[in-house]
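As structure tokens, the structure follows; a few thoughts come after it.
By letter and in written order, the chains are A, B and C; residue numbering begins at 1 in each of them.
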Amino acid sequence: MALSWIRTVCVAVAGGALATFAAVDSGAAQNAPEIVLGAVVPSSGPFAEWGRANTATLQMLEKQVNDAGGINGAKLRIVILDDAAKPALAANNVRKLAGDDKVLAIAGPLTSSAAEVAFPVANTMKVVSTSQASSKPGVAKLNRPWAFRNTIDEGVLGRTTIPYFKKAFNIKTVAIIFDAKDATAATVGSKIMPALMKENDIKVLNESDPLSFNTGDLDVSAQVTKLKSLNPDGVVVSADYSQGVTVIREMKRQGLIKPVVGATQLISSAILKAAPEIPIVAPATFYATMKGERPEKFVKDLQPILRKTNGLPPEIEPSMYDANIYEIVSMYIDAIKKTGVTGKPGDLEADRTKIRDHLAKLVGFQGLGGPIGFNDDGDAIKAFYIVQGQNGVWESKVRGCSTAPGHPGC
Amino acid sequence: MISVYYAGLLADVGILLLGALSVYIILATGQLSLGNAGFMGIGAYLTSYLTVVVGVPITLALILAAAASGIVGTVVGFPALRLKGIYLAIATLGFGEMVRSFFLNFDTMGGSGGFHGMKHISVGYIWAWAAGILILVVLLERSRVWLEMRAVHDDETAAGLVGLNPTTIKVGAFSFGAAVAAISGGLFAHHHVYIEPGNFGFERSIDFVLAVILGGSTVGPGALVGSFLLVLLPEYLRFLADWRLAAFGVLLIGMLLVRRQGILDRSLFNALAFRRAS
Amino acid sequence: MLLQQLVNGLTLGAVYTLIALSFSLVMGILGVLNLAIAELFMLGGFFGFAVIAAQLPLPLAILAGMVGAALVAVIVEKIGYQPLRDAPVVTPMLSTLGFSIIFQNVATNIWGSDPLQLTDEVLATRFTLGPVSISAMQITVLGATVMLVALLAFVVQRTSIGRALRAVAENRDVARLLGVSADRVTLLAFMLSGALAGAAGVLIGLHYAAITPYIGVEIGLKAIAVMVIGGTTRIWGALVAGPLIGIAEVMTVAYGGSQVRDFVVYGFMIVILLLRPQGILGGSGADQGQRV
């Protein structure tokens, strides 16, 4: 009868569900020793390009390491999971990587929104998680000791950016516009930049009247017209570069050709194409045309791979996020080699702690742009460059270092 | 012993279940609400404020937040009476966006920077609430109140003629739905220990509706099926990599074409419960 | 500044009018909210960009956008609406949502998630009339909007096709009894709305000169608000409501706070829904929605 058939199906389904949930430690003993690391990147959704580029970067690194003989003889395997830039998925990815795949350390998540939710999980599960792009102030700080970020707090960067901006363009007044829906951009635009302006004796013309737009807005003509009417010497654009492009193009359209300053979120090849005649000043720890033996080799190796990857545009260049995640995993490998991490299942907890301690005390690790360490907040102590973008290229103007008291500099 | 990963997924299912039920309750009176994420947001922020700033224990905070959200639901429910069908849906959409916009500007609770400080709760606690409310809804479905709701759903005029008060029923449904969504929000806040306005936008409201429609829009446990589906599918579709989201879209369309009442309907439910179809 | 802001508001209003009209074509005739229209707008933009990047002229780009989007709209109608015609209204709406998810994914895979930019803007010459500065592209957008709306009004009110559309909108079964092929009319409605959204995508995409696969999302929601405010079944209503909301938004930004902009737009929409549900230009209050 139909009823008994339905019952059989139900029992089967229930059994299947039960089996799925009784997650057995399916880590069947690996015959060859393996070092497993994890990564959480946004390969789908609004930042799909970043995630896919990150994935290609990590695959390149994995191959480079294994071709060179692996880590202490063991093969490197990087498990990369997609979080679609959604916080809940990022948190679940950390649980999966740490609990099921039993990785030694995790690179990611990328966005601050995802990190805010994933870092507490990393702390609970006692595994290191280092973000390659989160720069919203305080995210790692709230989640010590297991959360790190290979980025510099925007407040620290601004302290070098703004004096240069002021001097280079003789800035006495600015107007600020920011992306109100983006936590990092909003914090930079409404708190950090005004404070920095005050420190540097620059008047914020729209201090009492903040100008903002929302992520995804196509039209910012009203805001730019208002900016123009204020007639500032310079404009602060605090937004991710995708939105920054919209603002800068509108500025060009309306004839507001004034120098622009912003946070690391602006750094990209895309923004250079928006309005080549408008100078853009921002801090960067890496950009595709950076000079130096390490960055140039990195770009030479990675760029052709990126350009051949499915789902990435043919003119793509390695980005700051690619460089950051490359450094993160390289640091993990460095930690593994130097602290005697075995990779054996029994030593998992000890191995993870070794990596954490190594990172916390890290000094002078050779990154792509200079030496890297971490401060007490978990943010990176590394060299950064105030770059000025004009006529399609970035030019490095000032070299800075995100030193912290009690830690060696760059 | 359940792995931490699956425990995390179960927690997400429980939270989504409550949100889906909030839509289901309102839908049962013939009203489609596309703005329940707004109620969820109110619940999340209010609960967090109570536990972090005021120091109220979580259970009490959830009850208080649910009550407050229920009042907002009543306030929304009255003007909603004037609208029908897709127009009501659009109005609730507007309501949801307004709530999100409000919290974006509400600097006391962090604005776009979000709010921290909540204490983590266990999966067990989440499911105590989720299962509890699910059972409540199932029991409600067997009661006279549900019959009255279905009567209003099917033909409001006739229901009025028979002596029912469609106003009380429809507004009451909004109120109850808002309270349930608020609990979903409070649990969400204490599971992720961080909230920001972006968590409570149109996409979230649509997730609730999807869970109900896909899982089964005519029985309460349909929301349970739908919630499992929505949380587990992205995990199991990982192998599709670049096409994961598109695959989800295809599955959604496919399900609607093949079985539009959702997976679970009354006859299947009765069969599964080993009961003769009534 | 005020005059310039008015011009900004009008341009934004033109965007809203065209997309609101696309929504209302399907909503007014079939009672269905076609959530995929936002993505038809986005795809139109990408098609237009592709044509311009190939150094082909603007009218061809607009044609490509319209035809491309119309064809995609046919797919949505055949698979997503036709089989679900008799289901409660939420079902085809969710089906179109499924399509919009698919289109966003496809666009991301083809063109990437970073903004696609035009190196040289099309019709970039600017005209300065006193305190106001306006570009040739903007004038084209405004002019094209008025033309498209007038064309649509003509088709709906003066042609036999239009009569068929209105008949089906009034009462599908009676229309069929009177010999109107309701299925053909439905397909036509979808195609027209797709073509309109596609045209909007090309014009507006080229004006802003930088698009991503997600430009439809925010604009789509606001356009729904505009549709409601103008009157769901009133074509001229969209032409009035679009600039009205565009200017209101722009003025809120210019004089109030840009933070409360969304609040104002959706708040206004809700007020209209409650006080005058047939919209500003709406006729009788008979536009009551079907059971959900």
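General observations
Rule of thumb we're sticking to: contacts are C-beta pairs under 8 Å (C-beta built on N, C-alpha and C of every residue); 3 or more make two chains touch, one makes a residue touch a chain.
If you're wondering where the values come from, they're calculated on a predicted model, not measured in any experiment.
Chain pairs A-C and B-C differ in how many C-beta pairs are in contact, and the one with more is B-C.
With centres computed as the average of Cα coordinates, no chain lies farther from chain C than A. Per-chain CA centroids place chain B at a distance of 30 Å from chain C. Rounded to a whole number, the gap between the C-alpha centres of chain A and chain C is 36 angstrom.
Looking at chain B, residues 104-105, 242, 244-245 sit in touch with two or more other chains.
For chain C, residues that reach two or more other chains under the stated contact definition are 105, 109, 259, 262.
Within chain A, contacts with two or more other chains are made by residues 44-45, 48, 180, 310-311.
Across the interface of their complex, chain A is touched by residues 1, 4-5, 8-9, 11-12, 15, 105, 108-109, 111-115, 117, 119, 121, 124, 126, 133, 135, 204, 208-215, 217-219, 249-251, 253-254, 257-259, 261-262 of chain C. For chain A in complex with chain C, the touching residues are 44-50, 180, 209-214, 216-219, 221-223, 225-226, 228-229, 242, 245-246, 249-250, 253-255, 268, 270, 273-274, 310-313, 316. If you check the complex, the residues on chain B that touch chain C are 27, 30-32, 79, 82-91, 93-95, 97-98, 100-102, 104-105, 153, 202, 206, 209-210, 213, 242-246, 248-250, 252-253, 256-257, 260. Looking at the complex, you find that chain C touches chain B at residues 27, 31-33, 79-80, 83-84, 87, 89-95, 97-102, 104-106, 109, 221, 224-225, 228, 259-260, 262-263, 266-267, 269-270, 273-274, 277, 287-292.
The touching residues of chain A, counted against chain B in their complex, run 2-3, 6-7, 10, 20-23, 43-45, 48, 52, 81-82, 84, 87-89, 91-92, 95-96, 98-100, 113, 116-117, 120-121, 124-125, 136, 142, 180-183, 186-187, 310-311.
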